[in-house]
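Each structure below is given as structure tokens.
In the two complexes that follow, chain A is the common piece, with chain B as its partner first and chain C second.
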Partner chain A sequence: MYTQALNTAETDDRGLEDAAKAAQFQARIDAEERIEPNDWTPAAYRKTLTRQISQHAHSEIVGMLPEGNWITRAPTLRRKAALLAKVQDECGHGLYLYAAAETLGTSREALVDAMLAGKAKYSSIFNYPTLTWADIGTIGWLVDGAAIMNQIPLCRCSYGPYARAMIRVCKEESFHQRQGYEIMLTLCRGSDEQKAMAQDALNRWWWPVLMMFGPPDATSQHSDTSTKWKIKRFSNDELRQKFVDATVPQAQYLGLTVPDPGMIQDADGHWRYSEIDWTEFKQVLAGNGPCNRDRLAARRKAHDEGAWVREAAAAYAAKRVQRQTAQAAE
Partner chain B sequence: MRVANIQVSETPLVLYALRRADDALILGHRLSEWCGHAPMLEEDMALSNIALDLIGQARELYSYAAKVEGKDNDEDKLAYLRDVRQYRNLLLVEQPNGDFAQTLVRQFFYSAFADLYWRAMMASRDTTLAAIAAKSEKESAYHLRHASEWIIRLGDGTDESHRRAQAAIDHLWAFTGEMFAVDDGERALIHAAIAIDPGTLRGRWLTTLSDVVSEATLELPQTDWMQQGGRSGRHSEHLGHLLSELQSMQRTFPGQTW
Partner chain C sequence: MATPNTPLWEVFVRSRNGLAHKHVGSLHASDATMALQAARDIYTRRGEGLSIWVVPSTAITASDPAEKGMMFEPAESKIYRHPTFYEVPDEVGHM
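Coming up: the complex of A and B.
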């Protein structure tokens, strides 16, 4: 791939990750400078970012499946076109993010293989099923809403290619979020049946969406170094609280009830949610969510059944080069 | 709960618009079935993009059909509340996706036609149809380029891709004749310079096909036998399943706003 030429010199230097270089690197981070692909970085910085960006890319691609489940059944032509365009955007985000990850030295193929082998993670949220049309509205409203909360700070991430990718991704996500909320608004202003559909979707998605922000701060493994390197600027719990505070009034406006009877608004105006069931979260991460197996199977099927197409494209490209070389030699 | 099908007064112009709208919607729907499942991300994007173009064309043509009919129908009623016998699309576009070769050959046959057809329709005396044609022609030209490139890659790629591409051509060939057929109602529109005669495009369509197919080291079948029926609602068994999925929400929750 076109990233292969990057960092060849640095690879040889890895043994020399001396304190001076590391200090210089940290000073650049502290000065809010952007780190670019050819810059020296500690190996762990690359490893952390490769993991984070590729997980993000995998999430976009696997995330196409639950929403794609409704493209052929969208209730109107306008909704059908909007949903198809939205899922296509997610695919574009995936491509864009794989390209950003490749600048760190690992090819898209290797990253995808790790996901298909079940070694790399993607967001836990996509292991839940979309059962009704209201799930499409809810995903846009809550899942994309939570993603935006997470990703807006990433627009200032220290790694340039990731930060720039996030700027574009966030713009599209916020459009998706408004679209999702508009679906919910239409349902909530509709028939009793439609309102019940909307409430049911909120009931099923609320807790899994709160889990999207990751484990509570007290138990999070990666936050310390990620914070030092300005990859992460807010903690899981901070972002989760921000999201809840923003979302509760939106639910109220829709006339929907957040499925948390213990939720209270404190004196500072924050909505305090009840204990999250982290056992469920751990089960989903361990591969035992309702759709983990289906999602991975669908991606593997597409990959396996597409192998002959990719081979054909590669074979044809090689033939063309061969012919051009032969022609040039004449 | 039973939801009644709408009735459409199929005057020649309404029927004309419905036929083209149905072609675009059904093919767009078929392509959208690939979303999330294509052989590579780039093709996921491309097939969705083509599907979006086609669904966009369908919406304009349905809206125009509804306007010309002048009753209570609209784009969604026309798409969601007609049954299989009322659909007027070509048999070609309702054929299942099959493998990637079958999808791309279907697209190639259709786009090679649509590109010529919409370019010629830009001269229609009906200004709405001429405007729809101008937009559709630009889109079809891109669809044709995309499909042609893939036919060449698959045909001249590996033994397996060659075999699959040839099998798709052989399988779908019998559905191409219908694109050039015209009935009495449409003939009247052709006389009035509202529509063009698709029969006049067949030679150029064949030239496009032959050029691409021979570069792809593939062959067009010699058989002349062609399946007909889609334009008058005699479809293959595949369309009913597609419609039951496409229309499920409107049939289950009749008369609601989404």
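Coming up: the complex of A and C.
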């Protein structure tokens, strides 16, 4: 999902740690206790969570770019106000998540610098372009819809600060998905051209959205420990299937066709999708998606152009402290 | 160049009159004025609060989780501090 790069192998550095402490830690997890920042944890637990939460935060921040692209061109004032609020929410989500990640011991600045240096990942989905207004509807409906599927179980994640951030995020995501679906509904009830635009957006986003859930369970190397530590409660394929089952009827209601001719509904009512093109997924993660370079360049530009604001704020705060100290000395 | 660190603040929001301020999260800001403005934008976009406190994170002294046994055990063992410890006959009614 927003943390796909976790699905890469990681060296096990738990060998040296106190086995008794580790057993105690696992017992707390098994008892559904929440782990808090100052509690003892295996180093790998912190490392995994720092990566997962910071990647999630980066995804929220980079995710503002494809949608921000349409704020000035939203078709009505109502749509513009809603999109502006949505993009502002994504920024807020990024900030809640950075705050949660920091409790694990890495500074905000170090996390952001890693992203800007291209060392930290963010979700593959934000490397696709938003070509038409229908893309904004599709992102709200599908991308935020997929995010909700992934984030609801994270509200019960074993790490307290992450779980609490997710509760806030989930409350707000529901507005995002509904505003997206409403855009799609309006287009699908509009002219033939508008409906064709909605179908075209669905065609382009469907497969990348399914890829958001990460590699198939058979090839995902990270899930075992994440499941044991109750960071992850459902597998990639389970969440993907849940999402497809929830989404197909919504597409049918819109009168749109899911771009998967091989899709069939099985006897249990599940919609079975065709093979996903994992080569494309790997290419996008490796930096070769349609917009990877553009997204990073935009983030770096914003960061660089904001440098004077950070410097001015720090200088002003330092001056005030200095003045207060001088007055106190008088 | 590595970005210099900006101070961390803890944010407390009072949701309605009569309720206490509750910790909602943290944020970074150079000074208290900017911390309050950022807290407004980050934590009260949907009418969540009527009052905000921001406190420098460094000003908070926390108990040590490793010593929670010693810290909280005395409360655990004193069940006579709870009303249900005392028996009152049903006939007496609610007390």
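Structural remarks
In this section, the second predicted complex is superposed on the first by the 314 of 330 C-alpha atoms of A that agree within 3 Å, B and C clash if a C-alpha of one lies under 4 Å from a C-alpha of the other, contacts with A are read in each partner's own complex, and residues count from 1 in each chain.
Here is the rule we go by: a contact is a pair of C-beta atoms (placed from the backbone, for glycine too) under 8 Å apart; a residue touches a chain by one contact, two chains touch by 3 or more.
Since the model is a prediction, treat every value here as computed from it, not as a measurement.
Contact with neither chain B nor chain C is seen for A:141 once the two complexes are overlaid on the shared chain. After overlaying the two complexes on the shared chain, residue contacts for A:301 are found with chain B alone; chain C is out of touch.
In the superposition on chain A, A:109 makes contact with chain C only, not with chain B.
By the touch criterion stated above, A:95 is placed in contact with chain B and with chain C alike. Within the superposed three-chain model, A:313 lies in touch with chain B and with chain C [touch as defined at top]. Of the two partner chains, neither chain B nor chain C is touched by A:206.
Residue contacts after overlaying the shared chain place A:72 against chain B, while chain C stays out of touching range. Legend: residue contacts after superposition of the two complexes on their common chain; A:191 is shown touching chain B, with no touch to chain C. In the superposition on chain A, no contact is made by A:181 with either chain B or chain C. In the three-chain superposition model, chain A touches both chain B and chain C at residues 85, 88, 92, 95, 310, 313, 316. The touching residues of chain A, when paired with chain C in their complex, are 36, 38-40, 85, 88-89, 92, 95-96, 99, 102, 107-110, 112-113, 164-165, 168, 172, 303, 310, 313-314, 316-317, 320. Interface residues of chain A, counted against chain B in their complex, comprise 61, 64-65, 68, 71-81, 84-85, 87-88, 91-92, 94-95, 98, 133, 183, 186-187, 190-191, 193-194, 298, 301-302, 305-313, 315-316, 319.
The touching residues of chain C, counted against chain A in their complex, run 2-6, 8, 25-31, 34, 41-42, 45-46, 62, 64-66. Chain B makes touch with chain A in their complex at residues 25, 29, 32-33, 35-45, 48-49, 51-52, 55-56, 58-59, 62, 75-76, 79-80, 99-100, 152-154, 156-158, 160-161, 164, 245-246, 248-250, 253, 256-258.
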